[in-house]
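Input: structures, listed below.
There are two complexes below, and they share subunit A, which is joined by subunit B in the first and by subunit C in the second.
This part shows the complex of A and B:
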């Protein structure tokens, strides 16, 4: 008994020491990964490119708000985290922030006041950015962005998550990787792609799974679970690796088209990925887009044919895609239009077939294929139900300005019908995913997601 | 043995019954999803008053009769369609050019030739025509037997009643509205349960028959779908 008490006391003491250390031992900030001359200046346009690649707009602009003035609520399991104003306004923004303070934010997740940032800020990924890019981005935000005076609601999570010193312990787990970029060295183009994907692009923030501490499980290309798929706010961020993954099935050119325009011969970018295309990817130079595509294609070791340019715009004739072997049986059933078909198939004929066709293969660059579609087959069924109920909207981009709009069927289909239709889609043309229940459809109908455009 | 006038003969009765049985099954499926609607005699018109409603019911029943092949205007709830249209922008001629001059003798390609809106046309023509029926046949139109109703409608069609010139488009308008209510999408109140579409084999608002474009002389087997998603 006495031994037991001793152990308990010892543990308590250790706990208190760790807690005090967490609170009082000064944090050591990561030093620059490259020593640049004090008067080093980025090339014109460099900062803006890094800014676009880093997709700062996605979180730091509120819906309908001024650009970069913050106030967007980021839902987390712990409560709402409010993004900050990163315009150079001296009182409500980041005006007056020094380069060293900026680096601490980007590499260590530590704010100007020494407080730890919540890892909604992807410093796990920005940690891999080069000193040159950080300097260029800093210069862009300070000198080329208009200051906006906008006080943002402070983030206040519930106890114990409002104890920010706890994030320090979290960082010991999550920031085990060194700052700075380590290229794999397969080719100059693929290294450039790797850098953009790992660092500024912070693709792993969504496309890598999370470990039990909710840290990214796979931050760098050398990590086993890097980009093997995650779940964000009810959306599947599909795996980008492995046999069935889109980048492994699509040619590099199609992958590049998807990133730059939100559409290609296979699919369209919906939900969160649509926003990534609209805010970030469409603004990257073609070379960077093709570099990202080449890196993703080659991640698993596949040979990569590097491409460098998009096809010139012009009239194209879209072939009617025929059903392939896996899709033949479904296509034949839909084509024969016999009244005895299952309800889900009948609903597809009544509502969907005009655009997605009996083959389920849609039309290049306009109507996404439903066969093998990651959104259709996702473990999260909400996005598919949301598209059926409330439609979809693929944003226009500079290269492909036309918005792609699908109307919703909330008024036309009951929850039972939505579930039947979704289940049909998940099991037609060789698709193989579990059925969807009317209760799931009802839940999605009642709580439409903000990103159902 | 001759059949009584206005009553279905034996052959017609059998044909109608068979069709009704066939349609009953289809209509029941469609109705299971559609909002349940009140029977016509409990319908509360939006525009028409009681006498007008009685006239529209009686006239529709003769223009597309219930006896014979296929559903009649009453089964398809055409009077509901007409009432709702008259209460809406069609009835008010909201989107028509309504300034004069109006020339009742102008050929049809010159368009609407009365200063009255469709709603006003029904409101003025129905009592005038009922009065003519009383003078000529001894009762208002709804109270006549079907044969006399047919004669009265024929006279109306041929301009042989004493209606004022600005009421001259009434029969054409009534007949057109009846056909429209019979074939329009059920969302407008008529073509109840898509019965008219089922009858003529029209597949409704599916609008996707790409796979069938090259198939000639093959009957398309699937029943219709309506704008609101009813199936039959």
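This part shows the complex of A and C:
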């Protein structure tokens, strides 16, 4: 008994010491990964490029708000985290922040007041950015962004998550990787792609799974689970690795087209990825887009086609694809259109076939393929149901300015019909995913996700 | 007191095809541009969404996509002895309302004129002499040639997204295309649309008679398409809802699919809807415009929009009307042949035959607005006017465009038009009919013209425009010639029943039934200021900073649908503005 008490006391004491250490022992900030001269200046345009690659706009701009003035709510299981104003406004933004303070934010997740940031800020990934890029981004934000005075609602999560010192312990687990970038060294282009993917692009924030501590399970290409798929806000961020993954199925040029324009011969970028294209990817130089595509294609050793530029603008005419072997039976059933066909197929004929065709393979660059489509087949059924009910909107981009809007069918289809249709889509043309229930459709109808109109 | 907006470099009146072309090309020059559109904003979704837009009663019969006559209309009479009355319900022609204009609700037929049509007067003089020109016919040469326009026809076809089959590539006749067309520097940007059964039958019959069938040039996507602005179309599903409807699936060539989203990305371009332009304002000396005054529907007030350049890109009738009420040129008087504005109003002379086959199934619900096989063997540049006794020509097309239930139910004449007899007729004949259409020329005449009505005014107090128009003997003779030729071909196909509908001798213009929305002329191009309203660059002779787009520029109408020519002229015009006018604003001729 006495021994037990002793152990308990010792554990309690250790706990208190750890807690005190967490609170009071000063944090050691990561030092610059490269010593640059104090008067080092980025090339013109460098900072803006890093800014676009880092997709700061996505989180730091509220819907309908001023760019970078913060206030976008990021839903987490622990409560809403409100993004901050990162314009150089001295009172409500980051005006007056020093480079060292900025580096602490980006590499260690530590704010100006020494408080830990919630890891909605992807410092796990930004930690891999080069000192040059950080300096350039800092210069851009401070000098080229207009200050906006905008007080943002402070984030207040419930106890114990409002105790930010706890994040220090989390960081011990999540920030075990060194700061700075380690290239795979396969080619200059692929290394550039790797850097953009791992660091500024913070692709792993969505496309890597999360471990039991909710940290990214796979931050670098050397990690086993890097980019093997995650779930964000009810959206599947599909795996980018392995045989069935898009980078392995799509040629590099199509992968690049998807990133730069939100559309290619296979699919369109919806939901969160649509925002990434709109805010970030469409602004990257072609070389960077192709570097990302090359890295994603080749990171596990697949041969990489040497493509480095987009085709010039049209006229470009591309025949629509016919049904392939896996889709033949469904295409034949839809073409015969026997009145006795299953309800889901009939609903497809009445509502969807005009654009996606009996082949389920749509048309290049405008009507996405439903066969093999990760959104159709996802473990999360919400996005598919959302598209059926409320439509989709692929933003216009510099190279493909047309906004591709798919209308919704909420006013035409009941929950039962939506479920039948969704189930049909998930099992037609060789697709193989579990059915969807009317209850799931009802839930999506009740609580529509933002469709980014 | 009118409100005044901040001055712009360019104000564009109307945001249809030509307004959108002017907008995007001039936006690339960095100019500050505003377009004023009297109708609503329109996008594929939600305005044209499925199935709302394929409601034939709302859009096809009640014409809700069109100009509203209670807002704007014309008065009509057939000759100077009649009293014109206001057109209170649209019929013969259907000007559009809203962003995209008639480019949203057309059928998509996109033709270039023949080189001979661009110099018709010379063509006649060289081959037959002035003496074959009937008294009162008012013909001219366009002050711009086919060869000059060729690159701009090509440009428009690539922007608009046209499916077709070239017949004359740089002078080399191509099998399967129209051997009688003007040369083209490159093939159509998309391959032709597939052929339906009725078109196939017509093609076989035409070939057997030694004619030269070819697929109709279609502003309908046969493939996925990306145009030079990066704008896109998706392949058509042949639903048959083209004319009178906006396309719900990005398959019909329109400002929406070809230009608008690209245009809206230019921060120096903006547009205002429900903004009806009332007049062009002139400087005190009348030699330049200072901007336009429009009616802001929302604020219910007049607004002055100052601008350095005014581009009139409204529908032909509205462009001419705006010029008249603004006093931009002297209105044409047929009695004296003086004045230029309103002169050479032109239209189209059409006819057709319907062929019923008891044992054929044509599935008319599979179609699109530009469906079909055509022949041009009896076209303007093929006919011997001296021998035939008329000046004119027509192209033919055979291809069902739709199976819409209310208006697309061809029945043998004598079938009751309602009740059990009608039902029985529909049961017997639905899907068993095909047609051959003749789309013909309509020459210009002194008698056919536009001016201001002395009696009727619109809601803003402006006089309505008066249309004086009737069919003329020359064109009716042309039509009768086509009737005989069409019936020959139709008879060779051995239909169970054949009935044709061609206006004949003595026919008078009836403004009630729909005929075609190909109203042309009124602010015609000319080589000198006393012959027309605009010069070869569509620049007003009287005010060098006003440019006029559209079919109002046509010296006389061609035998074809006007869009290809007006699209090419629009690119030709903005090219002149960009390359010649901006650096030194002045009369370009």
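Assume the second predicted complex is superposed on the first by the 450 of 453 C-alpha atoms of A that agree within 3 Å, B and C clash if a C-alpha of one lies under 4 Å from a C-alpha of the other, contacts with A are read in each partner's own complex, and residues count from 1 in each chain.
Definition applied: a contact is a pair of C-beta atoms (placed from the backbone, for glycine too) under 8 Å apart; a residue touches a chain by one contact, two chains touch by 3 or more.
Since the structure is predicted, the reported quantities are computational estimates derived from the model, not experimental observations.
Asker: Quick check on the superposed pair: does A:407 touch subunit B, subunit C, both, or neither? Answer first, second, both or neither.
Answerer: After superposing on A, A:407 lies in contact with subunit C but is clear of subunit B.
Asker: Which chain, subunit B or subunit C, is in touch with more residues of subunit A?
Answerer: Counted on subunit A, the partner with more touching residues turns out to be C.
Asker: Once the structures are superposed on A, label A:353 by its partner contacts, choosing first (subunit B), second (subunit C), both or neither.
Answerer: Both partners, subunit B and subunit C.
Asker: Please work out whether A:365 is in contact with subunit B alone, subunit C alone, both, or neither, and reply first, second, both or neither.
Answerer: So A:365 only meets subunit C here.
Asker: Could you tell me if A:339 is touching subunit B, subunit C, both of them or neither one (first, second, both, neither)?
Answerer: Once the two structures are laid over each other on A, A:339 reaches subunit B alone.
Asker: If we overlay the two complexes on their shared chain A, which of subunit B and subunit C does A:308 touch? Say first, second, both or neither.
Answerer: neither
Asker: Mind working out whether A:417 is in touch with subunit B, subunit C, both or neither, as first, second, both or neither?
Answerer: Touch partner of A:417: subunit B, not subunit C.
Asker: On subunit A, which stretch or stretches are contacted by subunit B in one complex as well as by subunit C in the other?
Answerer: After superposing on chain A, subunit A residues 320, 351, 353-354, 357, 412 contact both subunit B and subunit C.
Asker: Tell me, which parts of subunit A touch subunit B in their complex?
Answerer: Residues of subunit A touching subunit B: 320, 334-339, 346, 349-351, 353-354, 357-358, 409, 411-414, 417.
Asker: Where on subunit C does subunit A make contact in their complex?
Answerer: Where subunit C meets subunit A, its residues are 43-46, 49-51, 158, 161, 189-191, 222-235, 237, 239, 248-250, 257, 261-262, 264-265.
Asker: Going by the contact rule set out above, which residues of subunit A touch subunit C in the complex?
Answerer: Residues of subunit A touching subunit C: 313-320, 351, 353-355, 357, 363-367, 391, 396, 398-407, 412.
Asker: Okay, in this complex, where on subunit B does subunit A touch?
Answerer: 33, 206-208, 210-212, 220-223, 225, 227-229, 231
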